[in-house]
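What follows is a single structure, written as C-alpha cells, with notes after it.
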Amino acid sequence: MRLFGFQIPPVFSLLFWIALWEIAGQYELAFILPPFSDVVSELFILIQRADFQDAAMLTFRAFVIGMAISIVLGIFIGFAMGSSRMANSVLGMWVNIFASAPLSSLVPILMLLFGLGQTTIIVTVVLFSTWIIALDTYAGVNHISPSMSEMGRSFGATRRQLLTKVLFWAALPEILAGVRMGLIRAVKGIVIGQLLVSVVALGRLFRTFSDNFQFEQFWALTIILFIFALTFSSAIGWLENKVEYYANTRG
Amino acid sequence: AQENGTMRVAFGDIPGGEMVNFMIAVARAEERGVKVEVSYLQSEDLAAQAIVSGQADIGVGTPYALIQKVNAPIRMFYQLSMLRFYPVVNGEKYQTWNDLQGADVAVHGRGSGTEAIMKLMAKENGVTYNSVSYVPGSGVRAGALLQGRIDVSIVDYERSRLLEREAPGKFVFLPLPEITATDEALYANRDWLETEQKAVSILVEELIKTWREINMDPSAVATLRAKYNVLPDIEQIEVDELVPAFTQGVSIDLYPSNGGNASSVVEDFTFFTSSGSLDGVAEDLEVEDYWYLAPVEAAVKKLGTM
Amino acid sequence: MSDVATAAPLNPASATPENIVEVRNISKFYGSVHALDKINLSFPKGQMTTLLGPSGCGKTTLLKIIAGLLEPSDGEVLINGKVVNGPGPERAFVFQDFALLPWATVLRNVAFGMELAKVPKAEREDKARHYINEVGLSGFEDKYPHELSGGMRQRVGLARAMVVKADVLLMDEPFSAVDEQNRRKFQEDLLHLLAAENKTVIFVTHSIEEAVYVSDQIVLLSPRPGQIHSIIRPEISRDTSPDDIRRDKKYLDAVENIWTDLRKYLD
Amino acid sequence: MSDVATAAPLNPASATPENIVEVRNISKFYGSVHALDKINLSFPKGQMTTLLGPSGCGKTTLLKIIAGLLEPSDGEVLINGKVVNGPGPERAFVFQDFALLPWATVLRNVAFGMELAKVPKAEREDKARHYINEVGLSGFEDKYPHELSGGMRQRVGLARAMVVKADVLLMDEPFSAVDEQNRRKFQEDLLHLLAAENKTVIFVTHSIEEAVYVSDQIVLLSPRPGQIHSIIRPEISRDTSPDDIRRDKKYLDAVENIWTDLRKYLD
Amino acid sequence: MLAATSVTPHAKGEKSDRLFGMSDTLFYRILSVLIVFGVWEIAGMIPISIAFPTFSSTMAAMFEMIFDGRLIYAYGETLKPLGMGVAISAFFGVTIGVSMGLNRLSQWVWEPIFVVLQASPVAALIPLITYAYGIGITAKTVAVIMLAAPIIVLNTYKAVRNANPSLIQMCRSFQGTRLQEIWIVIVPNAAPVIFAGLRLGVAAGFIGVILAELLITPTGIGDLISYHRSIAEYDYMYAAVFTIIVFSAVMVGFLETVEIKYFRPEKKKV
C-alpha cells in the first residue's frame, strides 16, 4: 500500500482499525465497545491482579506441557503415516476426522474423564493441536523427494541416521508450520474449554466481566489472549522463515 | 489444626457476592481442620456431572429431577436458601400470565427453582412458552431486561428492587402464590457423606452458625468477609452491594436457620411435583430417597433449634 | 557400422575379473507393472556404460537395483563376482535431482557420506575440500545449495559420490536438471575428471549425443517391459578435442543409428 | 565461416516491410536489476529467429516484452511498422511450463484463445480439432492435461498458439520440460509444421544444437545486462533429411562457433 | 502424424493385499474402528465413571433419538443459523478475499485484521454477542460468521494471490479482458484452495454454532447435550456429541465431492 509515494506497512492498517474503535468508543456508538484507550489502561491493571496471574500461570504451564506432548506425538504419528502405507490408511482416517471435527463438543466430556485440574487443560491442548501437527508432518514427509532417503541409504545410513540426519530436517519446514497451526488451535481450544467448562479462572474472569458489564476488562482480557496467540505464532513463523531459507530449493 | 478430612466443592456458577456467606462457613470449617477445595464450573448441570462422576464431592443446587432419574446415590444434606423469586415482564409487551403464550423466557438454569416456578405458572395459567433459555445469575437477567434483550424473566428480591429503581414503571411483576421450597441445597454422594461424617458435620455446624449470625445482623457478612479474607477477588461493585443485598435477603427469610428438615423436604415435594420437575405424587415420595438429614439433625441438636 | 554390435548380452554368465558389476537375469514387477524383463548385463571395470531408452523403459529401475536401493523381483546383482543385497561402499549414486541437504553447506554435503560412516570431522572435511576443488567449486565450501546454480549443485552431488572412493559411480540422468550449455561443459569436465580416477561409471540419460559422447558402451533398452535391445560400443578415440569428437564420423553414425532405433518408440 | 556475421544489429532503424517485428532500443530494469540494455533487433517475416545466451541474460524478458506481457523500461516494439503496447492478435505465445488450464480438456485448452474472443462454440471447436490433429493429438481431445506426457502437453500449447492464426509465434524454451528424445522428434515436427504456415517464429532456447538446427537467424546475447553479442545466420539448407542437416559442415561449424562464444560465460 | 499412446501415470506405493475379501487397508481401518469402540465399551462397563456410558448404550440412545425424530429436529434447529452464517461468510468472505488478492488497497485494509482474527481465539467474544444481538437466531448466526469468515477470507486471498502467473500471462497474451482473466482463469485456478477454505469455514462455523448453543441459549444439538447432561442421561449426551463428530466428518466429505463434481472435472477420473 502506497500513499503519497510512501510505503505504508500492513500493520498500520491495524492502527487504522484501532483508531476507528477509539472513535466508536469515545462517541459511545456501541455500549459493548468502550474506548480503546480505556481498555489498554484496564489491561495494565488486569495483569497485576493476583487471580489473573494465577490463572495465567496455571494455563500457561499446562499449555507448554500440552504443546510439548502434542509436538512429540504429532511428529511421531506423522512419520508413522509417512513411512507405512498401512499406518497411513488407518491413522490417516482418525487424524483427518479429528483434525476437522468440532472438538469443542468433547470438552465437557474431557472434564469428566480428567478431572477439574490441570490435566484437563493439558488434554485439551493435546486434543486440539496434535492432529494438525501430524497432518503437516505427514505432508512434509511425503514432500521429501524419495531420492533424499535413497541418498542416505546409498551411503549406508542406518534407519536411525536416516531419520535424525535426513528425514527430520527435510520435513522440518512443514513440521514447524504444523506446530504453528497446532499452537493457534490449542489457544483456541483452551479458550473454548474455559468458556464451556471454566475449570480455571480464565473462563471465570470472562464470565464475571461480561455478567457485570465490565467491558473494558473484558476487552483487555481478550486482547491479552490475542497478543499471546499472535506472539507465539509469529515466533514460530520466524523460525519457519529461517528454515524455509535453507529449504526453498526443494521442488 | 488436626486433620479432619477433605472436601471438594463444585459450584455451578462464577464466584460472586451471594456466595460470601457460604465461603465464610467454609473458612471456619477450614479453621477446624477440614481441607476444602472449591471449583467454579460453567453451569449447574456440569457441577452435578462432576459430583456424579466423582470429580467433586459437594454440589450446590436442587437436583431433585436428577436424583429421581439417575440411580447415582446422590443426596441433599443442607438447605442453603429458600425460593424467593419475582417473575417480571416488560410492561410494553406483556401484562399478565395469560399474555405469555408463545413468549421467550429466561431463567437461571436447567432444573433450577426459577425454571420450576415459571413452569408451574405456565401450567396453572394454561400457556406454553416458545422457548426457555438459561441465563445464570439474577443480576445478568436484570441487566438483560434493562437492555431489552429479554422480555420475560424471573429475578431475586434484590434485583426486583433494582429494576424498579432503574426503570420505574417499565416492568410488570406478575403475581405468585405462596411458595415454600428450597432454592439451593448442598448435595453429595451418600457413601461419601457417610465416610466423611466428621468433615460434613463440621461444615454443617459452621453453616448453621454463620447463617444464624447473618440473620441476626446482616452487616456481619462484611466484617466476617474481611476477617476471613473470603473471596478477595470479587469485583468492587459486588463488595459494595454486599450488606444491602444480605439485609434484603434476611428481610424476606431467604436464609433458613436450621438447614432443612423432614417437613421442609415434604414442602419441596409438593412444589416440585406440581411444577413438573418431579414425577409422581408428593405423598408417594420418600424423604430418605432425596435427603440425608443425619448431619443437619445432629448439628441442630447440638446447637439448639432456632 | 562395424562398431555396432547388435543384441546378445556381453559375457552373459562368466564373472570374468574385468567385469566389476554383473547383472543376472534381473526382472522387476511393480505390482502388476512389469518394468524389467530378464536383464543380463556386464559392466567392464574402468569403463563408462550408458543406459539409454525411451521414457519408462526401466532405466532408473535397473540402476537402483544395481545400487541396492530396490529389490529385484528375480535375478541377482554381482559386484566383483559376489552377490550383493542392498547398498554397499563399492557403489556411489549421483541423483537426477541432486538430493543435496538444503540445510547443510557444500562442505557438509560433500562430506555427508563420511559423516554417516562416523569419520572424524577434520579428516572428512579435508577429503571433502579436495574433491570440492576437483569439481571446480573451491571458494563455495560454505555456501548453501540454494545459493548455487543447477550445474554447480550437481557438481556438489558428484563430489559427494567421488569422495567416498567407491569403485562404481551410478548416475541417473545427472544433467537433466542442468541447462544445456552448462551440461555440455559438465560433460567435458566429467570425462576429464574420470580419466584420472579409473572409476567404473553406469550412466542413465535420454540424450543420444550425450550417451555417444561419454560412453565406452551403450545399452539400448526397449520399452516396457524393459529388455536389452542392443549394445553398442562407439569406439571413439577420446584423445582429440571435444569438438573433433563431435565431428567424428563414428560419433555421427552412432548417433544416427541409435536415433533410428529409438524414434519408433516415441509417442 | 562466411555465414557467421558478427555483431551489429541487422537493419537497426529502417522498418522495411519484410521485418514483421522490430525492437528499438529496449532496456529493462527490475528494480535495480538491469536485465536488458539497449536492444535493437529486427525479425524478418516468415523466418525463425532464436534468442540464445547464458542463463539470466534476459531472453525471457525480451520475449515477454515483444509479446506485450512486460513493459520495457525504455524503447519500443514495432509490429508491422506500428508501435504496440500490450498483447495483440498478431502474436501468440508458447509457454515454457505449457500454461494449460488443468481443469479444461485438451479441446477447450486449444480453443481457449477463441473462447476469450467469444467465437461461437461450434466454430472454435472445429478449428481447434483441426490443429489438434495437426500436432498429432487426435483422439486426445477429451483428455485433461495431467493425463498427457510433457511432450504432448507442449503440443497442446503449440496448437493453442497456432489456432488463433497469429503471424508471430513466440516460444520460450518450449522443449525444456520435454525429454531429449521427444524433444528431438518435436523439433523435426515443428519445422515440418511451420513450413506449411509461413509463420514468423521467435524462439528462446539454451540448446545450441537446437538453435542451429531450427533457426534462420540466431541472436546471441551476452550476460546481464543483456546486450546483443552477435547475430548468426547458419544458412543451412532445410531440404535435406534431419540427419543430413546434423552432419552438414555449416551446421557443425555454427554449433562449434557458438559454443566457443558461449562457454566463457559459464560458471 | 504421430502415433499416440496414452501415458500410464506412475502408480505409487506397495502392492495391496486382500484379507477376507476386502482390501487390507479397509480391513485394518474397520479393525481400528472396532478396537476403539471396543475399548469404549469396556471402559463404560467397568465403569470408569457413572457419567461414562458404554458404547452400546450410546448407540442405542442415538438410534432412539434418530427414530423418534429428536435428532433430526435438533439438527434442523442447529443448521438454520449454521447455514445462514456459512452462506453469509462464504459470500462476503470470498468477495473480500478475491478483492484482497486483486487490489492492494483492499489487501492493506483487510489482511492484518483477518490475520489477527484467524490467529486469535475469537470464541472468547461469543458471550458479548448477546449484548449486541440478543439471544435469538441472529446471535447464533453472528457466532458462526465470527468463526467461519476469517479462514474463508484468508484462504481465498492466498489462493487468488498465488494464482499461477503463467496462466494469467497466457490469458493476457490472448487479449483476455481483466474480467475474463478473473473469472475464467484466476477463480477456477484458485478454486481448490478456496474450497479448502470453505471446508475449514464450515468446520469452524460448526464450532461457532455449538458454542452459541451451549453458551447463549440451548437449542438444537447443543440443547440435546445440555438437557441430557442436566438430567444425567449421559448416554444420550454422548450420543449427541458422537453425532456431531460423525456429522461434521460427513459434511466435510460431502463438500469435497461437490467441489470435485462442479469445479474440478479433471479430478473426477483420478
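Letters A, B, C, D and E name the chains as they come in the text, with residue numbers starting at 1 for each one.
Just so we're on the same page, contacts are C-beta pairs under 8 Å (C-beta built on N, C-alpha and C of every residue); 3 or more make two chains touch, one makes a residue touch a chain.
Predicted model, so just to flag it, every value in this text is computed and none were measured.
Common neighbours of subunit A and subunit B under the contact rule above are E.
Distance between Cα centroids is largest for the pairing of subunit C with B.
By C-beta contact pairs, the most connected chain pair is A-E. Chain centres here are Cα means. That of subunit C falls 33 Å from that of subunit D. Rounded to a whole number, the gap between the C-alpha centres of subunit A and subunit C is 48 angstrom. If you average the Cα atoms of subunit B and of subunit E, the two centres end up 41 Å apart.
Averaged C-alpha coordinates give centres for subunit A and subunit E that are 19 Å from one another. Multi-chain contact residues of subunit C (touching two or more other chains): 266-267. Contact of a single residue of subunit B with at least two other chains is seen at positions 46, 49, 53. Taken residue by residue, subunit A touches two or more other chains at 108, 112, 195-196, 207, whereas all remaining positions touch fewer. For subunit A in complex with subunit C, the residues that touch the partner chain are 145, 147-148, 150-157, 161, 165-166, 169-170, 172, 243, 245-251.
Of all residues in subunit D, those touching subunit C in their complex are 54-55, 149, 151-152, 179-182, 184-185, 205-210, 243, 246-247, 252, 255-256, 259, 262-263, 265-267. Residues 43-46, 48-49, 52-54, 65-66, 69-70, 72, 104, 106, 109-111, 131, 133-135, 144, 147, 149-150 of subunit B are the ones touching subunit E in the complex.
By the touch criterion given at the top, residues 49-51, 108, 111-112, 115-116, 195-199, 203-204, 207-208, 211-214 of subunit A touch subunit B in their complex.
Against subunit A, in their complex, subunit C makes its touches with residues 64, 67-69, 87-89, 91-93, 95-97, 99-103, 112-113, 115-117, 144-146, 164.
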